[in-house]
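One chain, chain A, appears in both complexes that follow, with chain B as partner in the first and chain C in the second.
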Partner chain A sequence: MLDLNEMILPKDNLTPLLRKLAKDARLIAPIKNSYGDTLFTVIDDIDKAAIDLENQPQASLKPYLLPQQETLATYRNTEGGYIFAEADEEPESIYFGVRSCDLTAVLYTDLVFSRPVKDSSYFKRRNKSLLITIGCNHPFSNCFCEASNSGPYLEYGYDLQFIDLGDAYFVSAGRRKGLDLLEKWLYFFRAVTDSDREKRYQLQLEVRGKFTQNIQVSQVCQLLQDHEVDDSIWRKLSGRCYDCGGCAYVCPTCTCFSVDDAAIDENHGLRLRSWDACTSSGFTRMTGGHNPVDRRTDALKRRFLHKLKYDYAEHGKPSCTGCGRCVDICFGGVDITTFISLAAKGETV
Partner chain B sequence: MTNSIGELQGADVLLVTGSNTTETHPQIARNILEGVDRGAKLIVIDPRKTELARQAHVHLALRPGTDIALVNGIMRSIIDENLADDLFISMRTEQYEKLRDYLFRLNLDEIAAITGIGLSTIRKAAKIYARSSNAVICYCLGVTQHTCGTDNVQAVANLAMLTGNIEKAYGGVDPLRGQNNVQGACDMAALPAVLPGYQGLDNIDARRRFQQVWNCDIPQTPGLSLTEMTHSGAEGDIRAMYIMGENPVLSDPHLKRVETTLKQLDFLAVSDIFLTETAALAHVVFPAASFAEKGGTITNSERRVQLCRKAIPPIGKCRADGHIIMELGRRLNCPGMDFTSNAEIMEEISLLTPIYGGMHYDRLEENWGLQWPCWNRDHPGTKFLHKHNFTRGKGQFTITRHREPAETVETKYPFTLVTGRGSYHHYHTATMTRNSRRLVREYPEALLEINEKDSRALQLQPGEPVEVHSRRGSVRVKTVVTDRVQPGTVFTSFHFWEVPINQLTVDAMDSRSKCPEFKVCSVNIKKVSHA
Partner chain C sequence: MKEIFIPGRAIIREIVQENKQIKTFRLELLDKTQSFTFRPGQFLMLSIPHCGEAAISISSPPTALPLIDLSIRKAGVLTSAIHRMHSGDEVGLRGPFGTAFPVGNFPGHDLLFIAGGIGLAPLKSVLDYCLFQQEVEDDTVQRITLLYGSRTVADIAFQKAIEKWKNQGVDCRLTVDVGDPDWSGSVGLVTELLHPDIITPQTISLVCGPPIMIRFVIAKLLDLGQSETAILTTLERHMKCGMGLCGHCHLDGKLVCVDGPVFTYAELKLMNIMEFS
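Moving on, here comes the complex of A and B:
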C-alpha cells in the first residue's frame, strides 16, 4: 500500500503544484526583491516570482502571524456607550519555504497565545495557515538550530516538510492538513524509493558537520537552572545594549506587545496591538516613574533568561530556535550567542 | 578621522576625549569596546562619568574647559618619562623645541589644580598612551565647542605627534563627526571659507575652474559662519535666509539673539521634513523628502562615501533637497541647474574635487563605498591619512596655553552648565525623533543631571523641577540625581523645545572656527517655589 505520509515531488513539478495551491489560498514564499533581500512575500504571479530557497529569509513568519501592528478591534462611540467590533477575517494562507527554526517558533508562539485563554486575533490567522517547511541542507553562517534542538530537519509540527534531494523533494506530511494536500494533488508526486531514503539520511548526517557556530545552548540552559549568572556579565551586556529592540523584532519567538487606542475621529477609533520589547525601559516603567528593571545592569536579563532558563524549565526546550537573525541585527554586539558563550565559559556563580 | 573606524578595534590604546561615544556614536563605541575586549587600554577624558568612562582603565574627570592644561600636563609627563618619539619628531615634524621648552616651564602642580585631576592620574594616562605604538585619539564636540576649541584640537595633535601616533593604521587622531553626512557637507564646502574638497579661496587655479564650470564669479573672501549669521541681530546686513534641515531656533546658543535675527529678516525660507520651530517663523516652507525618499551619497566619519538608494517615492508634495535647490536655482536664472540624475551631479563633483576624483557612481554601486582621498578611477581609496607626510609637509607643533572659558563660576552663578546630547533616543532638537511614539516613551522629557551633593544642598526631592538661570535667560527642568556629573556641574540636552536650554548658553565662540562654547556657561539653580 502506498504510504501517503512520505512522497517524492520531482523539482519540475514544483511550480505547477504551487500554481494549483495559489488558486485555493494566499501563497506566501521567500522572494528575492530588487534590492537583493529575501523576504516572505505574497505571490501574485507564480511565473514572475523569484522564489529563493538558497538564502535565509530576513524575517521569520512573525510579521504574518503576529503583525508588527494589527487592529484588534474598531470602536465607535454611541449614545449608548462604546461599541467594539472585531477586525476583519483573514484569508486562508499557505506558507512555502518555511525554515525549521521558524516553524519551531510558530509552535512556541501557539503555546504563548493559547494560555490562559486563546488569543482570537492570533488564532484567526494561525488556524487559516498551512506551513510547508524546507529542511536546511546548508546552515547559514549565524545558525545554530541543531544546538537549540529546532532543526535543521524536523520530526513533527509541520504540515508538510520538503527536503531537497537534488532533482526532487522528499516530502513528509506531519499533520492532517498536509496529508489532505498530498492526497488532493497526488498526481504531482511519486512514491518514495529506498534510494531516496538513503539520500535523505546521508544529507541528514552531513548537515551536522556544516554548522559554523559552535554554541553550547543546552549546556547553558542546564547551567542556568541552578546557577546565577555573574552580575559582571549582565553589566557588560547591558552597557552595550542600545535598546533598539532589533533583536526582539527579528526574533521569531519574541511576543512582547503593547496595546494602544488610536482615534480616527471624535467617535471612531482603532484598538491597535504592536510589537514591543522587554529590553525597552518604557516597557516596564511604572506610571510614577519607578522601573523594576535597571537598564544599566539588567536590560537583557529578562530576554535571555526567559528564553534559556524559564522556558527550558517549563518545556524542556529553550525558546531560542537558533535562527541567528539577532546576531546580525544587534547594534552593540550583545546578541544571545554572546551571552551563551560568556555563560558557557563558566562565568556564573 | 585619520583612521578608519574598523582600525579602532586593532589599536592598543584608545584615548577618547570629549565624546560620549556610547550614546552619540554607538557603532564607533562598539569598535572601541571590542578593542578593549581584545586587551586595549581605554583612557577617557570627560567631566562626566559617561558609560564609556565607567568602562575606562583611566578616567580623567577634568573641570570643564581645562582640556589644554590637561593635555599639556600629559605631554610634560611623557617628556619627563623620556617617552617622546624622537625619531618621528625629527623626521616628520617641526618647531618641537619651542613646545618642549614651554612644557618644561609648566608647573605640574598648577595643572593638577586647574584641571582638578591628581598628578599621579595624569602621569598614569601619559605612560599608557605614550608607551603604545598603536594609540588612537577620538575626540568630539566636548573638545571643539569651546572658545579655545581650535587650540584644544591643536593640543591633541601635538600629543599625537609627540608620540608618533599618527600616519598609520591603528594610530591617529579621529574626530567623530556629529551627523551622518556632516563630513560630506564639509567636503562639499558647506563652509564659509573653502571650495569643495577644502580647496582654498586663495587657490587661483581652483577658483578659475569653478568659475568656468559654474559660470559665475566666486568671492575671494570667506563668507560668514553659522553663528555669525544667526546672531547678526536686528542691525545685521543679512536680509534673507534659506535654512535647510536645521533648527537654529533651538540649536544655536543664546536663543534670544537667534530669534531677534530671524524675525527681522525680510525673507526666510526653510526646508525640512517636519514643521520645526524654525520653519514656523518662515515666510516660505519647502516640505523636504526624508532619507528613504531620495538617493545620493552620504560621507561618514571615516571619509567613506556611500551610495544611498531611494527606497520609496516622496510622499505627498515633499521633494528631495536637490530637487528644491535646482528648482530655486532655475527660477533665479542660475546656470547649470539641470542635472537629470544624482550620478550626473557626482560626475561634476569628481571633476572639480580632487579628493573625490575617482568617486563615480558605478564604482560606488559595487561596494560599501570609497574613502577619500580617491584621486582617480583606479585609486582604491585611502584607509588612513598622512602616510609618509602631512598635508602641509611636516607636522607643526604649536604651543597651546590654558585659558579660562568665557564664563567662569561666581557667587551669583555658582554652577557650570554643560550641554550636549542626552540620550541615543533623541537626535538634536528631536524634530524627527519626537515624532516616534516609541522613542518618546523611552525618553519622554528633558532631565537636568545634578550631583547628589548639590541636590542635597538644594534640598531637592527626586525628580523635582528647578529653575536654571544664566545671565541670558532661564528654563524650568526636571532634575535627576546622578554621579554622572561632578559636584558644581550640571548637564542637560537640547532635545526638547519645552526646555530650550540654549536660551542660557553663551554666545562666545572660538575666534578661528567660530564654534560656540556650548560646553561651559555659568548658571544658578533655584527651587521652584510652590505658590
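Moving on, here comes the complex of A and C:
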C-alpha cells in the first residue's frame, strides 16, 4: 500500500505543483528581488517568479503571521456611540520554502499566542496557513539550528517537509493539511524507494558536519536556571546596544508588540498592532516618564533571559532557533551568540 | 473567534473631582447581555477615542456594580483626554485583568492600608468591599486603618470617601509632605505614621503608591515585625494588552498583567525588580 506520509516529488514537477497550489490559495515563497535580496513574497505568476531556495530568506515568516503592523479592529466615534468592529478576514495561504528554524519559530509563536488567551488576530492568519518547509542541506555561515535543536531537518510541526535529494524532493507529511495536499495532487508524486530513503539519511548525516558555529545554547540555558549572570556582562553588552531594535525585528520568535489607535478622520480610526522591542527604552516607560528598567545596564537582559532562561524553564527549549539573523544585523556585535559565549565562559555568579 | 482587542462600550455616568489632577469616572457598561464582574485589585484597559488604551485599576468595589469607578490622574495624552470628557460620553473597557487582593483570607484580620497619592485608587476597591462585608457578615475583617500620604494639602484626594470611611469606623490617618498654615494634621512622609502599635499579629498590610514609597513602607513594615507574606502591594507597569501577550510588563519571568499586579512581598523579594533595587 502507498504510504502517503512520505512521497517523492521529481523536481520537474515542482513548478506544475506550485501552479496548482497557487490557484487555491495565496502562494508565498522566497523570491530573489532585483536588489538581490531574498524575501518571502506573494507569488502572482509562478512562471515569472524566481524562487530562491539557495539563500536564507532575510526575513522569517513573521511579517506574514504577525505583520509589522496590522489592523486589529476599526472604530467609529459618532452620535451613535464609540463602536469597534472586527478587521477583515485573511486569505488561505501556502508558504513554500520555509526553513526549519522559521517553522520552529512558528510553533513557538503558536504557544505564545495561545496562553493565557488565544490571540484571535494571530490565529486568524495561522489557521489559514499551510507550511511547506525545506530541510537545510547547507547551513549558512551564522546558523546554529543544530545547537538550538530546531533543524536542519525537522521531526514534526510542518505540514509538509521537503528534502532536496538532487533531482527530486523527499516529501514528508507532518500534519493533516499536508497529507490532504499530497492526496489531492498525488499524480505529481511517486512512491519512495529504499534508495531515496538511504540518500535522505546520508544527507542528514552530512549536513550535521557542515556547521561552522559552535554555540553552546543548551549548556547556557541550563546554567542560567540557577546562576545569575554577572552584572559586568550586562553592562558590557548594553553599552554596545544602540537601541535600533533590529535584533527583535528580524528575530522569528520576538513577538512583543504594541497596540495603538490611529485616527483616520475625526470620527473614525484603526486599532493597530505593531512590532515592539524590549531593547528600546520606550518599551517599559510609563506615563510621567518613570521607567522601571535602566537601559544603561539592562537593555538586553530581558531579551536574552526571556529566550534562554524563562522559555527554557517553561518549554524545555529555548526560543532562539539559531537562524543567525540577529548576528547579521547587530552592528554593535552584541547579538545572542555573543551573550551565549560570554555566559558559557562562566562569567556568572 | 471574537477579536480580543475590541472593548465593550461604557458610558460615563458621573465624574467626581478628587483633587486638581485626579478625577473619578463612574462608568457603566452598555451591553447587559455580557456578564461582568471583577475582584478588588484587578484592572481594566480603558479606551478613549483616538488615544488608544491604558491600564487603570478599578477603584470601586464589585458590590457597587453595575457602576465601575476608574480614578485617573491627568498625566499623559489619554488621561488628559478623559479629563476633558463629560457625563454621558462614551469610553471603551476591556477586562477585568490581573490578580486580585486575597479578600477571602481577610476575615479575622486587621487591615492596614498604606497609600500615597493616586495609589489609594486600587486599595479603595478593597476597603469599600471589606466595609460592605462587615455590614452583611459576622465573620469579617476586624480593625481597618488607613495611612494616606499626599504631597500637599491641596493634593489630598478621595476626601469624600475618607469622610465616609471615618463615619464607618475606619481609623484614617492623613499626612502631607509639605504642610500649610490651615493644616492641623500630620506633616511628613507616610512612613512616619507607621507606629509599632499599628501592627498587630493579625495585621495584613496593603501598600500602593509611588515606587519609592512602596520601598520605604515595606522596609519599615518589616522592621516592625510584619511578616513577608502579610505585606501585599500592587505594581504599576506599562501594559498594552492586559492578557499576557504583548510582553511589556514582563518582570523577571513573570508578567505583571497575569501573575500580578497584586503580589506579596515574599513573592516580590525573589524577583529582580526596580522597586527594591
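Basically, the second predicted complex is superposed on the first by the 348 of 349 C-alpha atoms of A that agree within 3 Å, B and C clash if a C-alpha of one lies under 4 Å from a C-alpha of the other, contacts with A are read in each partner's own complex, and residues count from 1 in each chain.
Following the convention adopted for this analysis, contacts are C-beta pairs under 8 Å (C-beta built on N, C-alpha and C of every residue); 3 or more make two chains touch, one makes a residue touch a chain.
Here the structure is a predicted model, which means the values were calculated and not measured.
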Identify whether chain B and chain C fit side by side or clash on chain A in the overlaid structures. fit
Counting only touches as set out at the top, which of chain B and chain C does A:Gly166 meet: first, second, both, neither? neither
State whether A:Gly209 touches chain B only (first), chain C only (second), both chains, or neither. neither
Please indicate which partner A:Asp119 is in contact with in the superposed arrangement: first for chain B, second for chain C, both, or neither. second
Look at A:Arg302 in the shared chain and tell me whether it touches chain B only, chain C only, both, or neither; answer first, second, both or neither. second
Should A:Gly316 be classified as contacting the first partner (chain B), the second (chain C), both, or neither? neither
Rounded to the nearest 10 degrees, how wide is the angle at the Cα centre of chain A between the Cα centres of chain B and chain C? 80
Would you sort A:Gly36 into first (chain B), second (chain C), both or neither based on which partner it touches? neither
First (chain B), second (chain C), both or neither touched by A:Tyr242: first
Which partner, chain B or chain C, touches the larger number of chain A residues? C
Shortest CA-CA distance in Å separating chain B from chain C in the superposed model: 12
So the chain A residues that chain B and chain C both touch are 260
Can you list the residues on chain C that touch chain A in the complex? 1-7, 9, 30, 47, 49-54, 75-76, 78-79, 90-92, 211, 236-238, 240-241, 243-248, 250, 253, 258, 273-275
Across the complex, what residues on chain A touch chain C? 72-73, 75, 77, 81-87, 112-113, 115-121, 123-124, 255-263, 269, 271, 273, 276, 278, 283-288, 290, 292-294, 302, 305-306, 309-310, 313
List of chain B residues in touch with chain A within their complex: 22, 26-27, 29-30, 33-34, 51, 54-55, 309, 424-425, 437-438, 441-442, 463
What does chain A use to touch chain B in their complex? 35, 239-240, 242-243, 245, 260, 280-282, 289, 331-333
